[in-house]
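Please go over the structures that come below.
What follows is chain A paired twice: with chain B in the first complex and chain C in the second.
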Partner chain A sequence: MFCNIYLKRIRAALRDPTTLVWTWVFPLMMATLFYFAFGSLDETAQLQTVPVAVVRDSAYQQDQTLQTALQQVSQGDSALLSITYVDSTQQADTLLQNEKVSGYILAGDVPQLAVSGSGIEQTVLRGFLDSYQQTKNTVSRAVAAGVSDPQQLRALIARQDFTEGISLTKNPVTEKVGYFYALLAMVCLYGSFQGLTSVDRLQANLSPVGARQTIAPTNRHILVSADLLGGITVHTACVGIVVLYIRYVLGVDFGGKMPLVLLTCLVGSLVGVAFGALVSVNHRIKDGPKTAILISVIMVLSFLSGLMVSGINYTVAQKLPVVSWLNPAARISDAFYCLYCYDGYSQYFLNIGILLAMAAVMFAATAAFVRRQRYESI
Partner chain B sequence: MIIEVKNLVKRYGDLVALDHFDLSVQEGEIFGLLGPNGSGKTTAINCMLSLLHYDRGEVSLFGSPMSPQNYKSKQKIGVVMQNVAVFHELTVLENIDYFCGLYVADRKKRRELVDEAIDFVGLGEYRKFLPKKLSGGLLRRLNIACGIAHRPSLIFMDEPTVAVDPQSRNNILEGIRRLNAQGATVVYTSHYMEEVEQLCSRIMIMDRGRAVATGTKEELKAMIRTGEKLLVELPDLPAPVLREIQAIDGVRQVSYQNGQLVAHCMMGGHQMIAVLDLLRQRQLPFGRVFSEPPTLNDVFLEITGKQLRD
Partner chain C sequence: MRVFKACFQVMSRKMGALAIYVVIFMALSVLLTDMSAQQLSTDFTAEKPTFTIIDRDGDTPITQGLRRYLSQNGTEVPLKDEIQVLQDATFYRASDYIVIIPQGFAASFLTAAPLQLQTVTTPNSARGYYADSLVSQYLQMVRSSLLADPGADPAQVVETAISDLGQHVQVTTRQFGEAQPVSESYHIFFRMQSYILMVMVMLCLSTVTIAFGRPDLRRRNLCSPMNAGRLNGQLSLYSLIISLFCWLLLTLLGFVVYRRDLAVLDMRLLGLMLLNALVFTLVAMAISMLAGIFMKSPNTQNAVANFVSLGLSFLGGVFVPLEYLGQGMLAVAHFTPTYWYSVALNRICKISSFSGGVPVEIWQAMGVQLGFAAALLCIALVMAKYAGRSERALQQSHTELQN
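Our next item is the complex of A and B:
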């Protein structure tokens, strides 16, 4: 009996065009769109080569040290500067005004920097010249003091870092993965359509098939649980396919813990199905408005979890922590984040626990209505 | 008695949907519930099936009180809903198999029953069709197959022929007769009096949640004063003669329109001879003459004062 109901539900769900569009086609399209839209997002945060002009006047021609230093920082893949040589300050000013360069350098006892504004690139140029001047002064003082050993002089020039930058997280936190995780959270919550369909078709006061099934000599608990389980199975499979697509086709990293990623899909789908089932039990609301309610609520929850604006989830977590904890989309995307970033599992399982509690509360509330087999009106 | 309903009262707020409703159906009957839309037929069935709460009364099926948990009785009941109740994502075969599976767990036995049901409703060619590919009539037949595939001994059919073409309607009615011949008791609701008259061994006429009359069609017709309706084709009928016909003993009402005299007569009289004699005496030539016995609509009209299809 259970299998009959369960298999029927799966078969029906797989042939339902609404399921197909909302849980497969739409997320796959969104993921692909994200891939192209945010593909270079993380790279743009890295420092680019700074365009600068250098005036080749007589002072420059005589300053071999500056020439060598400029040559070193403008060569190779990791070049700091992209240099345009000009013969006069007028030419350099023109380039600066036309924003072709971020600044220009004039050689002299103390090289001068001309810029037309302030920003990261101007700070980089200022930093380079300060560093150059400091090193030059150090070497000059050392030579004056009688140091002539080339190795000792090289040691003076060599830079040593006494601090080491380490990441608090296992993988670097990037904006791009945040969008994909928020998208997956939304897809999980789309399981609400499965919940909506299940309850609608089990309640005699909501549909004729509900009446037909209620009349049958089938234990109500078996009927409801098998049907909902069928919906959960189909939706989890749908989310799993989207995850596999994002991971292996689009190359988005999940931190290498695929079984736990799939567990998150399952728990997220549970919450989605439970939410849809809870909305569906209200027989006073028609199907259209129910769907509109589901989509609207999911959109708001997804927005707050960072689907549309990166970092909004952190803002909500800081300013309105209760809202963040009660937002299933935020918990689901955070669970994915935990798997990606952290070695430990405490935060991850806290998220999973909260999601399971949400699902349990919503299923319990739904069960109170769905277990009825007699109605005031049909 | 296979169905015993006593003093059933169902209210929707101020509206009384069933007003001290009583019903008894014997095994092997095709019992018709006849009444206009909103007369309480579907509500009565839903109360009998324990789908609806009711305010007062008792419902007993197969000798035991009916409740949602009475699986023993439910096992023997089949229901053909007024609205088509099938899954639109499943094929004809899958739909019937699923609903049959809610009653019959054994797969082998179920397969036989499903094949039988498909043959019974004549959907053999459409086994793998999705419901959306079926015409209205075929969809109704699928709806019936889903309700009867498990071979129930009591079948509730709630207006199964609504919006069905005449050919499909005849198929459905023929199918109901066959089910009854195979031993099923059928409770059939309709607001089509011809169907009920043609099909049912006993009929209950309902109005405003009350059973206004119950009996065989002959018994129901005998309850009223209206007898046959005479129709006489004649090219001309002067008004004085029309008044003379109205005055004939046993004639209740006459009219003349479009070359046709219509005379509603009292039950048990022989007014046709008297009417035709009068026309001959007044040397009025007439053509064809028809006599129609009273219909259930006449019964309904006389008892409730309104047309059945109001």
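Our next item is the complex of A and C:
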């Protein structure tokens, strides 16, 4: 009997076009959209060459040091500045107003910078001029103090490498993957539609199929578990396909631990189905509002796990850790993140444990509501 | 006006679901704005990168000075010296620049080859680069002073270095025009509004119009003396009123939440922004009416609404600003109304003076939106008229001949 119900439930789920649209087509299209939308996302905060204008007035012509300094930072592949030379401040103003340059430099005893707003490019420009001026001061002080040995002077301005960049993770740090992980968390939670359908079809007061199932000469436990298991199976398969699509067609990295990624999908789907089942047991709410509740709650949970604004999950985890720990979407995306970023598995399995506990609590609550129900009239 | 009245009756029966959507999405609009806003000013203020110092060398005057110097130019984010904590902070951009001071750094500082500080930033990060140049500049100055005068007190040297480094070249801010710019958060609130408007209008409208798509109701309406034109006309009128109501709600929400930003805002700019949103409301309505044809149940309703609104928003620069989209994406984005909404909004927010009148690009972008609205509305009405009469719509996809 178990197999019979289980297989029928799977067949029924596969023939339900609306749920299929939700759980298969929608995520696949969203993932594709993300792929295209976030193609150049990681470049946004990167240092590009800063466009700057230099006014070639008489002060500039006489200032050999500034000319050399500017030349040094505007040459080569890793040039800091790309310089446009102009002959008057008016021309420089025009460039600035049309946003062709981030600022312009006026030579003088102490060089000046003109900008039209604030930003990292303007700050970098000022930083360059500050450091130029400070080095110049150091040298002139040394000369005034009687240092004349060119070797010693060169030592004063020689650039020493005080820092070396290191990477803390094996996999590159990228903002992109966070969006995909949050999307997968949302898809997992969409398993709630399966939970909704299952309970709907098991409760005699919710649907005609439910009434029929209730009078069947089958143990209620078998009925419920086979039905829910069917829903979980279908949904896990769906999340699995989305994961495979994201991994192999779109080429998003999961840190190379596919079996654990699929385990996360399974556990995530479990929570999703449990959540749907729990919302569905209330027979006073109709189908429409139930769906509205599911969608809205999942939307908020996904938002807090970084679906729309990346990094939000981190902020929430820092400021309101309880909310973050209780948010299944954040736990699911964090589990994916652990696999991508960490070498150890303790945090990953902590996430999985919490998710399993959530599913258990929600299934238990659902069971408490639906067991031993008798209907006076339907 | 029977249909029109019936719409409101259906609406009153579905108040629960509608209220949930309205409240959730209004809250989401404020949340989304809050999370993505950064303060912006027209005067020059140096960017302040966030930094973290992991000191494994114990407190020495040099590292104390480094912390003080960086704090003047950035914001310190204290983190525990644990690999996972540091990984998280880098990954989620909580700290632009993490510098690890290795053990024995102070002891080796004046030798020919001092130990290097380890730094962690995201690849090619501009803020990381800036923080790194600050650190190098500071260490360079302290080291050369100490080398020049080996007997000096390190604390004193650090003190002098910090005050020397605190002197900046003069920066003048050139202002072109007189109007106050739009505050960043109010701008983002409007940017997000295209998503919120779309999803809200679509869900609120379809919750009611779905009822008219039910096969038995359709059959009844088809044999009534009211022709399809009048029926659809009244449905459109209802849609218009609900859409305008959504726009009004969001506008009021913006007034309440961002009242402080409004105080300094040029009223003409505000007018243009509201007009732009209003024009987009019409687009949202047209999209909803077209999408409504494909909505048969609460389930498809949500799927269609979410897919269309999220899709158009991602494509049209609502969540990810247009500057960040690739060339290919931008080419596609031209075919979405959200793109033109964002373009008009960005242009409005850049107006610094009204001396030359309202820039023509703004009217163009609004015109394109109106064009979208008109085209979608026509398609929707035609489809509603014909698709609604097909046998499939009446749940009879087989005819005698096919059997």
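Here is the rule we use: the second predicted complex is superposed on the first by the 254 of 378 C-alpha atoms of A that agree within 3 Å, B and C clash if a C-alpha of one lies under 4 Å from a C-alpha of the other, contacts with A are read in each partner's own complex, and residues count from 1 in each chain.
In the analysis below, a residue touches a chain if its C-beta (ideal position, glycine included) is under 8 Å from a C-beta of that chain, and two chains touch if they have at least 3 such contacts.
From a predicted model like this one, the values you see are computed outputs, not experimental measurements.
Asker: Scan A:216 for contacts with chain B and chain C and give back first, second, both or neither.
Answerer: Only chain B is touched by A:216; chain C is not.
Asker: Taking the superposition as given, does A:31 touch the first partner, chain B, the second, chain C, both, or neither?
Answerer: neither
Asker: May I ask you to decide whether A:293 touches chain B, chain C, both, or neither, giving the answer as first, second, both or neither?
Answerer: second
Asker: Give one of first, second, both or neither to describe whether A:208 is in contact with chain B, with chain C, with both, or with none.
Answerer: first
Asker: If you stack the two complexes on chain A, which partner ends up touching A:182: first (chain B), second (chain C), both, or neither?
Answerer: In the superposition, A:182 touches no partner, neither chain B nor chain C.
Asker: Tell me the contact category for A:11 with respect to chain B and chain C: first, second, both or neither.
Answerer: first
Asker: Does chain C touch more residues of chain A than chain B does, or is it the other way round?
Answerer: The partner that reaches more residues of chain A in the superposed model: C.
Asker: Return first, second, both or neither, reflecting whether A:107 touches chain B, chain C, both chains, or no partner chain.
Answerer: neither
Asker: Once the two structures are fitted together, what part of chain A is touched by chain B and by chain C alike?
Answerer: Overlap of chain B and chain C footprints on chain A: empty.
Asker: Any idea which chain B residues touch chain A in the complex?
Answerer: 12, 46, 49-53, 68-69, 71-72, 74-75, 77, 79, 81, 83-87, 89-90, 94, 98-99, 101-103, 105, 146-147
Asker: What residues on chain A touch chain B, complex-wise?
Answerer: 1, 4-5, 8, 11-13, 15-16, 201, 204, 207-209, 211-218, 220, 373-378
Asker: Within the complex, which stretch of chain C touches chain A?
Answerer: 14, 16-17, 20-21, 24, 27-28, 31-32, 35-36, 40-47, 83-84, 86-88, 90-94, 99-100, 114, 116-127, 129-130, 132-137, 139-141, 143-144, 147-148, 164-165, 167-176, 207, 296-300, 302-303, 306-307, 310-311, 314-315, 319-320, 323-326, 328-329, 332
Asker: Per the contact definition, I'd like the list of chain A residues that touch chain C in the complex.
Answerer: 18-19, 21-22, 25-26, 29-30, 33-34, 36-48, 93, 96-97, 110-124, 126-127, 129-131, 133-134, 137-138, 142, 155-156, 159-169, 172-173, 175, 178, 193, 285, 287-289, 291-293, 295-296, 299-300, 303, 308-315, 318, 337, 341-342, 344, 347
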